[in-house]
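Below you'll find a set of structures to go through.
The two complexes that follow have subunit A in common; it is paired with subunit B in the first and with subunit C in the second.
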Partner chain A sequence: MSLLEVRDLQIEYSSARGPFNAVDGVSFSLERGEIFGLAGESGCGKSTTAYGIGRLLRGSARVVGGSIRFDGVELTGLSDAQFDTYRWARISIVLQSAMNNLNPVMKVKDQLTDAIFAHRKGVSRADALRQAAELMELVDLPKDRLERFPHELSGGMRQRVVIAMALALRPELIIMDEPTTALDVITQKGIIDKIIELKRTFGFSVLFITHDLPLMLEICDRVGVMYAGQMAEIATRERMLAGARHPYTQGLLRSFPSLTGPRVRLAGITGSTPDLVAPPQGCRFRDRCLHALPACGSVAPPVRSEEDGIVSCHLYAKEEMRHEAVAAGR
Partner chain B sequence: MKPLLQVDNVSQVYESGGLLRKSKMRAVRGVSLELHQGEVLAVVGESGCGKSTLARMILGLLPPTEGRVALAGRPIARRFAGRLETAKRLQMIFQDPFESINANQKVETVIGRPLQLHGAKGPVRGRVLELLRQVGLTPAEDYIDKYPSQLSGGQKQRVMIARALGIGPRVLIADEPTSMLDVSIGIDIMNLMLDLKRDHDLSLLWITHNLGSARYMSDRIVIMFGGQIVESGPTEEIIASPRHPYTEALLYASPDPWRKGAEPAGIEAADRAEKGLPEDGCRFRHRCPYAQADCALGEIPMDAAEPQRGVRCLYPLGGGAASASSIRIERKDFTG
Partner chain C sequence: MRIEPAYAVRRVAFAAATLLAAIIMNFLLPRLIAGNPAEMIASQTALGSAEVADAIKKQFGLENDSLLYQFKQYIVQLAHGNLGISYFNYPTPVAGVLLHALPWTLGIVLVSTLVSYSAGWLIGIRGALKPGTWFDNVALAVSFFINSVPYFWIGILLILLFGYKLDWFPMGQAFAVDYDTLSAAGKLRSIAYHAILPTVSLAIASLASHILVLRNNLSRALTEDYMVLARAKGLSARRRTYQYGVRNAFLPAFTGFMLTLGHVVGGAITMEIVFSYPGIGMLTYNAILNHDYPLIQGAFLMIAVSIITVNLLADLIYPFIDPRVNLS
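Then we have the complex of A and B:
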C-alpha cells in the first residue's frame, strides 16, 4: 500500500469572477521512502495540492472533491481535531521562506522543544532539550545556535533549523514547498544533499514542490508535472532524463539553459496559461502545444499508464481511442 | 579596439552607525571590467557579492567611493544635468517588472514619456507602436492603451525593454530580468534580448546569479565573490574548466541532472558560510577546499598569465602550478 494516495483531488477557490478549481482532478501516489516531485509553473496548482494534503489551505480555498488516503486512512473525512494527530507527528511541512516557518521572537531551542512538547505529552524539559540538540546535530548545525534567534542565522542555517523541526517527531511524510528557492545555489546544494542523506537514514517520504525542474530531477525518484490545475504527466527520473512524453514537459525541459552539452537556442513555450474560471474544453495545453490534434480542442485527453509513468495526452492514446477522438473532434 | 564601457578599479564603501560606532562595509572592492561593442558580458555571483551595487555605480546612480566608469571614453556623469546624457547611451532593465513599472501610466506613457524627455517632438504614439512590435507585443494596438495591471509579468518586462530601447542606447544593463518570471517566459525574454542585441548592435551587461543563464547569454563571464572579481574569461572556457575554486563550487552546485562524471571532492566545504568573509587575504578561503596557510596573507592579485583569462587565486585549478608559483614570488615582494 502506498503511503499517500491522492485520487481525483478537486480544490476550489472563489474569485470575483466566480469559483474555479485551482486543482482539478489530480491523482498520484507516494511510496514509503520515496521523494516525489510536483513541478509546474506559477498557478499550476502544485502548492495548492500540497496545502490541501497538509490542511494548510487559506482564504476561500477548500477541498471539494476527491480522496486523500494516508497510510490507508481517508484524510478528507477527518475533523480538524482528528487531523491534528497527524499534523507534524506524521506529516510535517517545510515552506519556502524559513522566516515563514520560524517565530522571529523565539530562540531556536524553544521552537524545537515547542514542537516536541506539543505532540509528546509528559516529556521532561531536559529530555526535550537533549532531543533538540540531537536534531541540530542531524542538520549539521553547531549546538550553540540553539541559543540564537532566527534573525541571527543565515538563510541556509534557518532553513536547516526548519528541516530539524520538521524531523522532530520523525514523521513519515515531509511536504517541502520550494524549500531552497530563496537560497544561493551553493547553500541549496548543501541542503539538498542533507535532505537526501536524512531520508536514507530515517526512511521518510518527501513531497517536493519546485518550479526548478533540473533541481527536481536531481533529487526526486518520480516527478509529476502539473499544468492549469491538472496532472499532465508523471514519470520516473530516468524517464524524464531520457525524454519526457508530454509536450508541456518537453517544453519546460527546453526552457532551462544547460551547463553541459552544446549551446543551442532554446524555444520556451509560447502563449500563456488558460483562464481557470472558464477553462477551455479538451486539453488545457492545446493552444500552446506544438503537436495539437483536432481532438485536443474538444475531448479531454485520455490518461495512459506505462511502466515508468502516466501521461495525459492525445498523442499517446491507444490507436482506436485516437481514431474516436479524432472523429469526435471533427 | 577601445571598449565601449570601461570600469576602472571601482570600489564602494557603505558606512553605517553613528559618531561612536562607525562601521564600514566594502561592498565592491576594486572591480575593473570592459565591455566592447556588440558584446555580452555576464556578471555572475550570489546574493551580496556586490553585483547590483556595481550596476548602480555603472549607471551613475551611486558615485563610486574610488575608481571611475567611462562610457565611450567619457566619464559617467554624476550630476543631474549629465544624467540625461548618460541615459541616452546606457539603459537598465530591472529584476522586478512589477516594481519598476508605474502602475498608473498606460503603456503608451510608460514607453513614450522617456522619448519626450529625450527630445521627441510631437506625438510619439507611432514610435511607441513600433517599439511594441520590436519587443514582440503584437498586435501593438492591443497593448498600447493597457495599464500594467492588465499585463502578465513577461509582457511587463517586454514593455520595460521597449522603454529602454526607445532612447537608442548603446549599452543595456540587465539585472536578473528573468528571475521573477516563469522559466518558459524567461527564456523568451532572453531570446528577445539576444535578438535586439544583434539587430541594434547593442552591448549587454547581464547580471545574474544563474550560471546557466550566463552561459546562454554571454560571450564572456566575470565571477564575483565578496565584492571582487575572482575569475574572468570567455564563457565556454569558464564553464568547461573553471580555475577559481569558487567558480568550480558554483558550477557543481548548479542543478544539472544531465551532467556526467563525479563532482570534485570537497565541494561541500563551499557551503560553510557561518564563519563569514575574512577582510584580508583570499575572501573565499574559509569555504575553499584547497586553501593553504598563505591564502590568508595580503591581497591576492588577479593572475592574468593566460590571454583572456584572469583568476584571483594562489592555487588555481587545472594545472596552474606554474602560475601559482610565479604569483607567490610576486606576493613575497608585496607582503615584504
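Then we have the complex of A and C:
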C-alpha cells in the first residue's frame, strides 16, 4: 500500500470573478521512502496540492472533491481534531527558506520543543531539550545555536533548523515546498545532501515542490508535472532523463541549459497559462503546444499509464481513441 | 531575552544628551524674547521702585547679564528642584503650581490612556482573528468615524448628551463646589464622578487608532510563514494566536504605547479646556495667555523630562520583548 494516495483532488478558490479550481482532478501516489517531486510554473497548483494534503490551505481555498488516503486512512473525512494527531507527528512541512519561516521572537530551542510538547504529552522539559539537541546534531548545527534567535543565524542555518524541526517527531511524510529557493547554490547543495542523507537514515517520504526541474531530477525518484491545476505527466527520473512524454514537460526541460550536453538554443515555452475561472475546453496546454491536434481543442486528453509513468495527452491515446477524438474535434 | 550592555549605555547616553539639549533650549528660548520680567512684575505690582526691581531681578537669577552666569544659576536651581517663580501666581514657585495640577491630569489622562490602549488592542485582536464578521465590520466603521472627527468634538458631544440633556454627569470641573465640606470618601466620590466624562471622552478619542494599528499588525503577522508552520506543527490555537501571532503584532504597538505614555504629563489641552478641568493642559494654556514664561518653561521641561524618561524606559524594555533590537 502506498503511503499517500491522492485521487482526483479538487481544490477551489473563490475570486472576485467567481470560484475556480486551482487544483482540478489531480491524482498521484507516494510510496514509503520515496522522494516525489511536484513541478510546474508558478500558479500551476503544486503548492496548493501540497497544502491541501497538509490541511494548511489559506484564505478561501478549500478541498471540494477527491480523496487523500494516508496510510490507508481517508484524510478528507477526518475532523480537525482528528487531523491534529497527523500534524507534525506523521506529516510535517518545510517551507521556503525565507526569513519568516521561524518566529522571530522565540529562541530556536523553544521552537523545536513546542512541537514536541504539543504532541508528546508528559514529556519533561529536560527530555524535550535533549531531543532538541539531538535534532541539532542531525543537521550538523552546534548545540549552542539552540539558545539563539532566528535573526542570529544565517539563511542556511535557519533552513537546517527548520529541517531539524520537521524531523522532531519522526514523521512518515515531509512536505518540502521550495526548501532551497532563497539559498545560494553552495548552501543549497549542502541542504539537499542533508535531506537525502536523513531520508536514508529515517526512511521518511518527501513530497518535494519546486519549479527547479534540474534540481528535482537530481533528487526525486519520480516527478509529477502540473499544468493549470492538472497533472500533465508523472514519470520516473530515468524516464525524464531519457526524454519526457508530455509536450509541456519537454518544453520545461528545454527551458534549462545543460552544462555538459551540446550547445542548443534554449527554447522555453511561448504564451501564458490559461484563465482558471473559465478554463478552455479540451487540453489546457493546447494553445502553447507544438504538437496540438484538432481533438485537443474539444476533448479532455486521455490518461495513459505506462510502466514508468502516466501521461495525459492526445499524442499517446490509443489509435482508435485518437481517431474518435479527431472525429469529435472536427 | 537579554540586554547588551553596550546597547544600554548607548541609550542612556542618548537620553542624557537629549535632556541636556532640552534644558539648554528651555533656558535660551525665553531669553530671546525682549523685555525684563523683573520690571514687568515690578510695574504690575505697583511697586515700581528700583530697589524692588533689583530684588525681584535677584529672585529670578537675572542680577548678572552674563548668559553663562545665568545658565549656571539655572542649572543649580534646577538641581534643587527650583523651576523659578510663576509671574502670574507670584510668588508661588513654578514647581508648586505644576505639582498642584499634575494629579488631576494624571488621573484622567493616564487612566484614559490605559483604558483606551487595552480596549483598542483587545478589539483589534478580535477583529484580526475574525475578519469580516459583524464585530470586525462595526469596529472598523466606528474606528474610521472616530478617526475622522476632531477629538475634542467627542468631548463636546458627550457633555451635550450626558451632561446637559440627560444630566447624568457634571458638565465640567474636577469636583463639586461643596468639595471642602465633604468627607474623605465623599471627596473621592466627587472626583471620580467628575472624572468619568473627560476620561471616557479621551479614551474614545484615541481608541480608534489603537484598534486599527493592532488589527493591521496582527492581520499581517497571521499571513507570515511562521504562522503556517505553527499550524502545521499542530500547536494549540491559543499558542499560535498569542505566542506566534499577537506576540509579533504587539511589538510596533508597544512603541506607540510608550510614546503616548511619555506625553501623559503634558495633559490633554483641548479636552481639559472643554471640561474646564484643572490639569496641566489647562495650566499651560492659561500660562501662555498670561505670558507666564517661567510656568511655560517649567511645564515644557517637565514634559520633556517625562518623554525622555519614558522613551529611555521603552528602549531598555524593548530588547526583552524583541530580541532583534540589540543589533541595530
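What we mean here is this: the second predicted complex is superposed on the first by the 327 of 330 C-alpha atoms of A that agree within 3 Å, B and C clash if a C-alpha of one lies under 4 Å from a C-alpha of the other, contacts with A are read in each partner's own complex, and residues count from 1 in each chain.
Just so it is clear, a contact is a pair of C-beta atoms (placed from the backbone, for glycine too) under 8 Å apart; a residue touches a chain by one contact, two chains touch by 3 or more.
What you are looking at is a predicted structure, and each value in this text was computed from that prediction instead of being measured.
Participant: Quick check on the superposed pair: does A:L95 touch subunit B, subunit C, both, or neither? Answer first, second, both or neither.
Facilitator: second
Participant: After superposition on the shared chain, which partner residues are touched by A:M106: those of subunit B (first), subunit C (second), both, or neither?
Facilitator: second
Participant: Check whether A:L241 is in contact with subunit B, with subunit C, with both or with neither, and answer first, second, both or neither.
Facilitator: first
Participant: Who does A:D84 touch here: subunit B (first), subunit C (second), both, or neither?
Facilitator: second
Participant: In the superposed arrangement, which partner chain does A:E197 touch: subunit B (first), subunit C (second), both, or neither?
Facilitator: So A:E197 meets neither subunit B nor subunit C here.
Participant: Which partner chains sit in contact with A:F149 here, subunit B, subunit C, both or neither? Use first/second/both/neither.
Facilitator: second
Participant: Thinking of the overlay built on chain A, is A:I269 touched by subunit B (first), by subunit C (second), by both, or by neither?
Facilitator: In the superposition, A:I269 touches subunit B alone.
Participant: So in the superposed three-chain picture, is A:L252 touching just subunit B, just subunit C, both, or none of them (first/second/both/neither)?
Facilitator: In the superposition, A:L252 touches subunit B alone.
Participant: Just subunit B (first), just subunit C (second), both, or neither: which does A:L56 touch?
Facilitator: second
Participant: Report the partner of subunit A that touches more of its residues: subunit B or subunit C.
Facilitator: Partner touching more subunit A residues in the overlay: B.
Participant: Using the touch rule from the top, collect the residues of subunit B that touch subunit A in their complex.
Facilitator: Those in contact with subunit A are residues 46-47, 152, 154, 182-188, 190-191, 209-213, 215-216, 236, 239, 249-260, 267-268, 270-271, 273-274.
Participant: Per the contact definition, I'd like the list of subunit C residues that touch subunit A in the complex.
Facilitator: 223-226, 228-236, 239, 243-244, 247-248, 251, 321-324, 327
Participant: Per the contact definition, I'd like the list of subunit A residues that touch subunit B in the complex.
Facilitator: For subunit A paired with subunit B, touching residues are 41-42, 142, 154, 156-157, 184-190, 193, 211-215, 217-218, 237, 241, 251-252, 254-261, 263, 265-270, 272.
Participant: Hey, which residues of subunit A end up touching subunit C in the complex?
Facilitator: Against subunit C, subunit A makes touches at 54, 56, 58, 84-85, 87-89, 91-93, 95-96, 98, 100-106, 114-115, 118-119, 149, 151, 162, 165.
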